[in-house]
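I am attaching a structure below and will ask some questions about it afterwards.
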Amino acid sequence: MREIAPKPPTHTVLTGETRRSGAGSPAVGQHSNQVEGVFVMENPIDTGNTAWMLTASAFVLLMTPGLGFFYGGLTRNKNVLATIMQSFITIGVVGVLWVVVGYSLAFGPDSGLGLIGNFDWIGLKGVGQEPGGPNGAVYGLGIPHLLFMAFQMMFAIITPALITGAFAERARFGPFLIFTAIWSLVVYVPVAHWVFAYDGWLSAFATNPETPDIGLNSLDFAGGLAIHVNAGVAALAAVLVFGKRKGYGSTPMEPHDVTMVVLGAALLWFGWFGFNAGSAGGATGQAVSALVNTNSAAAMAALTWTLLSWWFGGKPSVVGAAAGAVAGLVAVTPASGYVQPMESLAIGFGAGALCYFAVRLRARIKLDDSLDVVGVHGVGGVWGALATGLFAAASVSGISYADGLFNGHAQQMWDQSVGIVVVGAYSFIVTFVILKALDLIAGIRVSEDEEELGLDVTQHGERAYTPEEGGIPLAPGPVLPAPPVAYAAGTSAPTTAHAR
Amino acid sequence: MREIAPKPPTHTVLTGETRRSGAGSPAVGQHSNQVEGVFVMENPIDTGNTAWMLTASAFVLLMTPGLGFFYGGLTRNKNVLATIMQSFITIGVVGVLWVVVGYSLAFGPDSGLGLIGNFDWIGLKGVGQEPGGPNGAVYGLGIPHLLFMAFQMMFAIITPALITGAFAERARFGPFLIFTAIWSLVVYVPVAHWVFAYDGWLSAFATNPETPDIGLNSLDFAGGLAIHVNAGVAALAAVLVFGKRKGYGSTPMEPHDVTMVVLGAALLWFGWFGFNAGSAGGATGQAVSALVNTNSAAAMAALTWTLLSWWFGGKPSVVGAAAGAVAGLVAVTPASGYVQPMESLAIGFGAGALCYFAVRLRARIKLDDSLDVVGVHGVGGVWGALATGLFAAASVSGISYADGLFNGHAQQMWDQSVGIVVVGAYSFIVTFVILKALDLIAGIRVSEDEEELGLDVTQHGERAYTPEEGGIPLAPGPVLPAPPVAYAAGTSAPTTAHAR
Amino acid sequence: MREIAPKPPTHTVLTGETRRSGAGSPAVGQHSNQVEGVFVMENPIDTGNTAWMLTASAFVLLMTPGLGFFYGGLTRNKNVLATIMQSFITIGVVGVLWVVVGYSLAFGPDSGLGLIGNFDWIGLKGVGQEPGGPNGAVYGLGIPHLLFMAFQMMFAIITPALITGAFAERARFGPFLIFTAIWSLVVYVPVAHWVFAYDGWLSAFATNPETPDIGLNSLDFAGGLAIHVNAGVAALAAVLVFGKRKGYGSTPMEPHDVTMVVLGAALLWFGWFGFNAGSAGGATGQAVSALVNTNSAAAMAALTWTLLSWWFGGKPSVVGAAAGAVAGLVAVTPASGYVQPMESLAIGFGAGALCYFAVRLRARIKLDDSLDVVGVHGVGGVWGALATGLFAAASVSGISYADGLFNGHAQQMWDQSVGIVVVGAYSFIVTFVILKALDLIAGIRVSEDEEELGLDVTQHGERAYTPEEGGIPLAPGPVLPAPPVAYAAGTSAPTTAHAR
Amino acid sequence: MKKVEAIIRPEKLNDVKQALDDLGFHGMNFIQVTGRGAQRGIVHQGRGGETVTVDMLPKVKVEVVVPDLAVERVIEAIVREARTGNIGDGKIFIIPVEEAVRVRTGERGEVAV
Amino acid sequence: MKKVEAIIRPEKLNDVKQALDDLGFHGMNFIQVTGRGAQRGIVHQGRGGETVTVDMLPKVKVEVVVPDLAVERVIEAIVREARTGNIGDGKIFIIPVEEAVRVRTGERGEVAV
Amino acid sequence: MKKVEAIIRPEKLNDVKQALDDLGFHGMNFIQVTGRGAQRGIVHQGRGGETVTVDMLPKVKVEVVVPDLAVERVIEAIVREARTGNIGDGKIFIIPVEEAVRVRTGERGEVAV
């Protein structure tokens, strides 16, 4: 008699962070449905896991505009649109690139050495509604392969957007677009392959359970390494190439709308539940641990930064609370599926404190990392990756070897450190080279006049806020003298042919 | 021995867009649980599908205020509240009407000819926690009938809200309320019945698999026809009846807060995942396809509009990116559960380009469609419906006859075109008549003075933004001369009896 | 032969509001998986229920910043950050306290008399990825115990945040923080235990089905009693202790940004789907009823308040629509899983009307409940709890004795009333005492000068909106005379040691 | 030279601007002000149904510096355009200007405006 | 006529307005300005713990045109109401007005204000 | 005393402020104004690709009251700092002030500014 088992519990579990198996099941890396002697073929899709991963994907998508608001609120009035746009259009650029080629290179079957995927899945060929993965392995827990792709797409989208905070208020839009496209393919895609793909050299899992795993076992549940360390270090390179904003250090550059900063932080926090808990690949106990850890670390870090800003800065800062929450979210990312809630409080505390002092240091050495990407994502990401090596407990993830130093597995700290150093070095060097090259070819920075007038008007021909009274359009034809060259950026009319 | 099968895979699949069956299963339109010889009666509710549809319903609800922000940001300062209110209160009006009578008329058993439902389910009588539908058929995939109702309610809510962009900044609130109530029942409800209900004449499905389907088979996965073409054409009628805003064409009417536009677009994008992927009726592979297609088309369209605005307008526009994203979302709506990701990129590209040029044309012919509902929802909706006829592939939906022209099924283009023409004509004519009648009876437009003072103050007695210093209340009793009649709208105190 | 049943349908159902069993099943309070003679041991987690509860938890988290925006928009410009911060930092404070000790005290095994839990689960010891609860009972429907904890955490977070509206624009930040921590542990935790915990004396359920239930059976599906009555009454105590704002009654204190109010209301509405429908403990039919009722009541109440403000105030108010929606959401909270949609329309209508007149009364008696917490949450909460006693129908919840007066169970009104009185009295007295004590010890209110300058600058050293031109930092060293004492709050530089 | 300060209704701004343009005065400044006068304020409603009468209304102040001889023509043009005949139309004040300098060139006097 | 320009603390606006009302001057304008003077600015904190001393503070400029004879009374009223005794209370400047026009009627001179 | 009203580019505000500081004038007011003049406006683009030429640009008006003798020095400093040589640099107007009062003390005349 055939058995009905709509939810085959032995689908290989693999997602942002990978698990060798559900809970001690021996079947890994093969699309087997054999459950204790009973053969089950019906419906390989688990609707519960699919429901959660659909939701999680949507949550993560919302993070990118959320980031735009977080960043946009921190900039000056005249640059808010340009800043938000850098996040928003990244959804466009990477959203297209990823389905066309990015996913195939990042998660497609390895082209050797665990460095990058191949072109087998270009245009999402073969990535369908059935569960799937490379060489017979399966990504996610009984979810369509296409859904794993979508979830990963949201990660690929937000990562380059994170970097934009480093060069806010001074980047030209055109070169920025090109940078985002190149960086996404040349930096994000390989690093994601190393860390997240079954067959990546830093990933803890092998596609084939019989062959030994290649490379190291860096634990990175939801992208501390591939996303935050990666973006944070790229931001450092960007700060060095772009240089300081005009007036930095002498003119105050206060956030133009702190309520927008909080809105952004709130959307990020909300979306991060999808980011971390979705990385379990389904609606599992590990996903629940990840959600709880995410909230605990963010709460603790928000509190920590607030109190430190009170102690050292005189008053409890609202921007500090928002920045602290983000720092906590960053730091708990790699650890969220591996640690206990009490340990995530420790991670949050560390994140709040370390990032706060990192940002103070940044201000003291007058490094113009405009919106503190290095201090929050770089430092928070490194701390999170190390903390995972400290606190990971196999009991949380059900993965036998996912233990950290405090659980007697000192080797893990080594694997984590190598991961940080390699990803950091690769990201720094390649980002630096891309930006320098772009600067030589096209010039990545706006002119001084444009910087003074603001990027909204000069890059996008728009202003964010238009007060009550408008202006009247000039009579057709230039009755007034042409604008001087210096201000042409903000004033030149498009050529007549195009204008109407 | 009884078998346990919590997830009967053969529940009839039917939602925004309907499927004849799960995947080639012959059982349609009857609440059968027979699975390959095993009879299963336990728990007809699939928690995974229910989880996703609960989530999707919430997502779609959020779209309506999201639309309010998208529209509100585009208006002038003095009209922002009135604009947001038109969306917000629509949730109130339609939210009540739908449960009382709308759902019954739209989805209740057909009263003949496939034109409209009957009153069987009035007050949601018989619409309960069990799966259900008309004449033994079942809406949704193992989800409570009430949940299908709720999901459809969110669609019914947002559709009239879409139209408000056409007459923004000049409609009286009272007549607007009445218009919304009437339009919802007289236009939306029947069109939804035609397109979405099992027994609607444009719908691709028959309640009874034995009897042939009546009417045409217009493919409309999540409402390209019933929602976007419908609202877009109604908007055209509204523009013609309302006429131009005072000063249109001579005074610039710039968006008063572009960050609010982007916020609205972000919430719409997020909610649209529920809109499209929820239309699969459960957490299925088709839902996943819909989610991926939704994102791909939106990303591509945002990019396309941005680049076109750069090429033809001189600078890459942020409002353009947001409008482009919405255009892409609109266009992919009817297609999302039927096409492959690469085809959704084509749909997004087409949407970005066509809507961009439609809006340019609108500006050139000085049609005062204030917030470009016709250009985006009308044109985007028509393009989407046609594109579904071009690109649909049976392999995506598992519905044998859901193939488009490029998959050898030319007939589909005919069915799509008829759908567009019929829905468009009906919507245009009825909307026009309703508005004209309301204008004769009550006057749908504010006075010139009210238009100048702004709708926030004159229609709602509120202003959106209050700067730091307020005023002091006048001493009780009118010490100062009564305000002149012309400005009474903004200044008259309510009658003493009511005022305190 | 072993059977596979991934979704054991007999897990004890218990959540915000508790059900004695799934649907008449006799197995309660024991982690049994015996289903009609077949013993099933596999996978006690239902992925569908888990997916929905993960989602619902995230939704509810978003409500707290949403509340911050709702409240922040209603305050004056100079206090918006302080107001938002009071909500935002509550996530930090309670988010930490709850996992450390709050959950154990609220939901841990009763320490006798049904008054409070014990310390067994401190630091979430024993609260894991398996379903769990006190004394062998199980919270939630086949979801990890940790997930039930997380969902409840979000409730614990938002409740103290609700109170902040009562003392907006005049509370010192430090004492506020301490108040929140104490109130959360001393008021919220015990009340939650009474109402929500299996073994609470007001709760309708006993952990052990053999022993009779202790105490009363107050029906409170999602927290009308434990959250809204509780916070509303605490707000009343706070208003009395804090006293009026300077200038209240003579200076108009208009909302500084009504669009922000609507944003907050929209996020609240969205999140409330998680709040109410999540309280079913899984993706069940009851959850669907809760979602539908939630929307219906909110829609009706928004409409009602709008129309009343039109009739009595002269114009349909946008703030009124938002406040009405919130009132409807509040009132339907305890009833949402127990009543039919038509009855939820009645509840919404009552909420809109009662709260509208309550707020008018508040204005007339010049009670400075700054953001109308008493009028909306207090009055709405009481009405909701009573309405539950009126309208509850056992058919909706599947709980035999969950019938209200109109379904022939008059006793229910008594149980509801006792619940309201007891919770109200406890909350009022303890809140009053805490605040009075804090006022004596530390002073809970800012100085007059600080109130005039605004809390953003004086409490947080930040301003929400920074216009285009900034200032330049003074040369190091005090070249200008020190600021006078009166304005020192807003102007004093931190001590040099800390400053740089 | 005189500085003409005209406080007008915001809705009339474009008309006034156009009229000054026609007279040949292209240069001017606009400032958002909050005005109070015989015109009653706007009645807003509070949540509690109380009417909040804001006795200050948004106005625009147009500042244009013109040669002495042009003052009358300017006044006449503004009055013509800004007038609705209702209370609240605004005022024009004429203030002496002793010197005017064009920053770009350092030019002084009437040529500078 | 004279234009009295008083730069005051925003918190004092209502008191000043009331006092002028009591003197019989209902018409006036308010302008949000950013003032700088002996009063030290407000210290904000930056993310990096650096103190951002904004040396410009929000002030309100009240502009009221009054007959010559009323100037002293107006000054006296404003000083009385706007005074806190602390640095930053503001200034009053008296500026000559050569003509005033009521837009609604075209009236000139003191009757127009 | 004179009131120096300088309409300048917002970007130049800090330089001008610094220069006045150096001359010993710490007190002043800043007002956001919208200016119009020979400088062409900013071209925004509309959704429909139409160019929206806003012929009014954001400027800052600096108001500083100085003793008669200081006027020339102040003009010279502002011109020096605010000048870019391009159209749109702005204007300076000198307006007579008949009296100045320090609200805090009631002091009158030049000592009050």
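Letters are used for the chains, namely A, B, C, D, E and F, taken in the order the chains are written, and counting of residues starts over at 1 for each.
Just so we're on the same page, contacts are C-beta pairs under 8 Å (C-beta built on N, C-alpha and C of every residue); 3 or more make two chains touch, one makes a residue touch a chain.
Being a predicted model, the structure only gives us computed values, none of them experimental.
K.L.:
Could you figure out which pair among B-F, A-F or B-D mirrors the C-D interface, over half of its contact pairs being identical by residue number?
P.N.:
From the options B-F, A-F or B-D, the copy of C-D is B-F.
K.L.:
Same or different for chain B and chain C, when you check if over half of the residue numbers at their contact belong to both copies?
P.N.:
different
K.L.:
Counting only Cα atoms for the centres, state how far chain A is from chain E in Å.
P.N.:
Computed value for the inter-centroid distance: 51 Å.
K.L.:
Centre to centre, by mean C-alpha position, how many angstrom separate chain D and chain E?
P.N.:
Spacing between the chain centres: roughly 18 Å.
K.L.:
Counting only residues that touch at least 2 other chains, which ones in chain C make the list?
P.N.:
Where chain C meets two or more other chains at a single residue, that happens at 3, 6-7, 46-49, 51-52, 55, 250-252, 254, 263, 283, 312-315, 317, 319, 364, 461-463, 467-473, 480, 492-494, 498-500.
K.L.:
Please set out, as single numbers or ranges, the residues of chain F touching at least two other chains.
P.N.:
Residue numbers touching two or more other chains: 14, 17, 26, 30-32, 34, 36, 38, 43-45, 49-52, 54, 56, 84-88, 95-96.
K.L.:
Under the stated contact criterion, what part of chain E meets chain D in this complex?
P.N.:
It comes out as residues 1, 3, 17, 26-31, 63, 65, 95-104, 106, 112-113.
K.L.:
Within the complex, which stretch of chain B touches chain F?
P.N.:
These residues of chain B touch chain F: 252, 254, 309, 312-315, 317, 319-320, 323, 356, 359-364, 372.
K.L.:
Can you tell me which positions in chain C touch chain A when the two form their complex?
P.N.:
Spelled out, the residues of chain C in touch with chain A are 2-4, 6-7, 42-43, 45-52, 54-55, 57-58, 61-62, 65-66, 68-69, 72, 80-82, 84-85, 88-89, 91-96, 99-100, 123-124, 128-130, 143-144, 146-147, 149-150, 153, 173, 260, 263, 283, 456, 459-468, 470-473, 492-494, 498-500.
K.L.:
Given the complex with chain F, which residues does chain E contribute to the contact?
P.N.:
2, 6-8, 31-38, 56, 59, 61, 71, 75, 78-79, 82-96
K.L.:
What does chain B use to touch chain A in their complex?
P.N.:
Counting only chain B, the residues touching chain A are 3-7, 9, 35-36, 38, 40, 46-49, 51-52, 55, 59, 76-78, 250-259, 262-263, 265-266, 269-270, 273-274, 277, 282-289, 291-292, 295-296, 298-300, 302-303, 306, 311-319, 321-322, 325, 340-342, 345, 364, 396.
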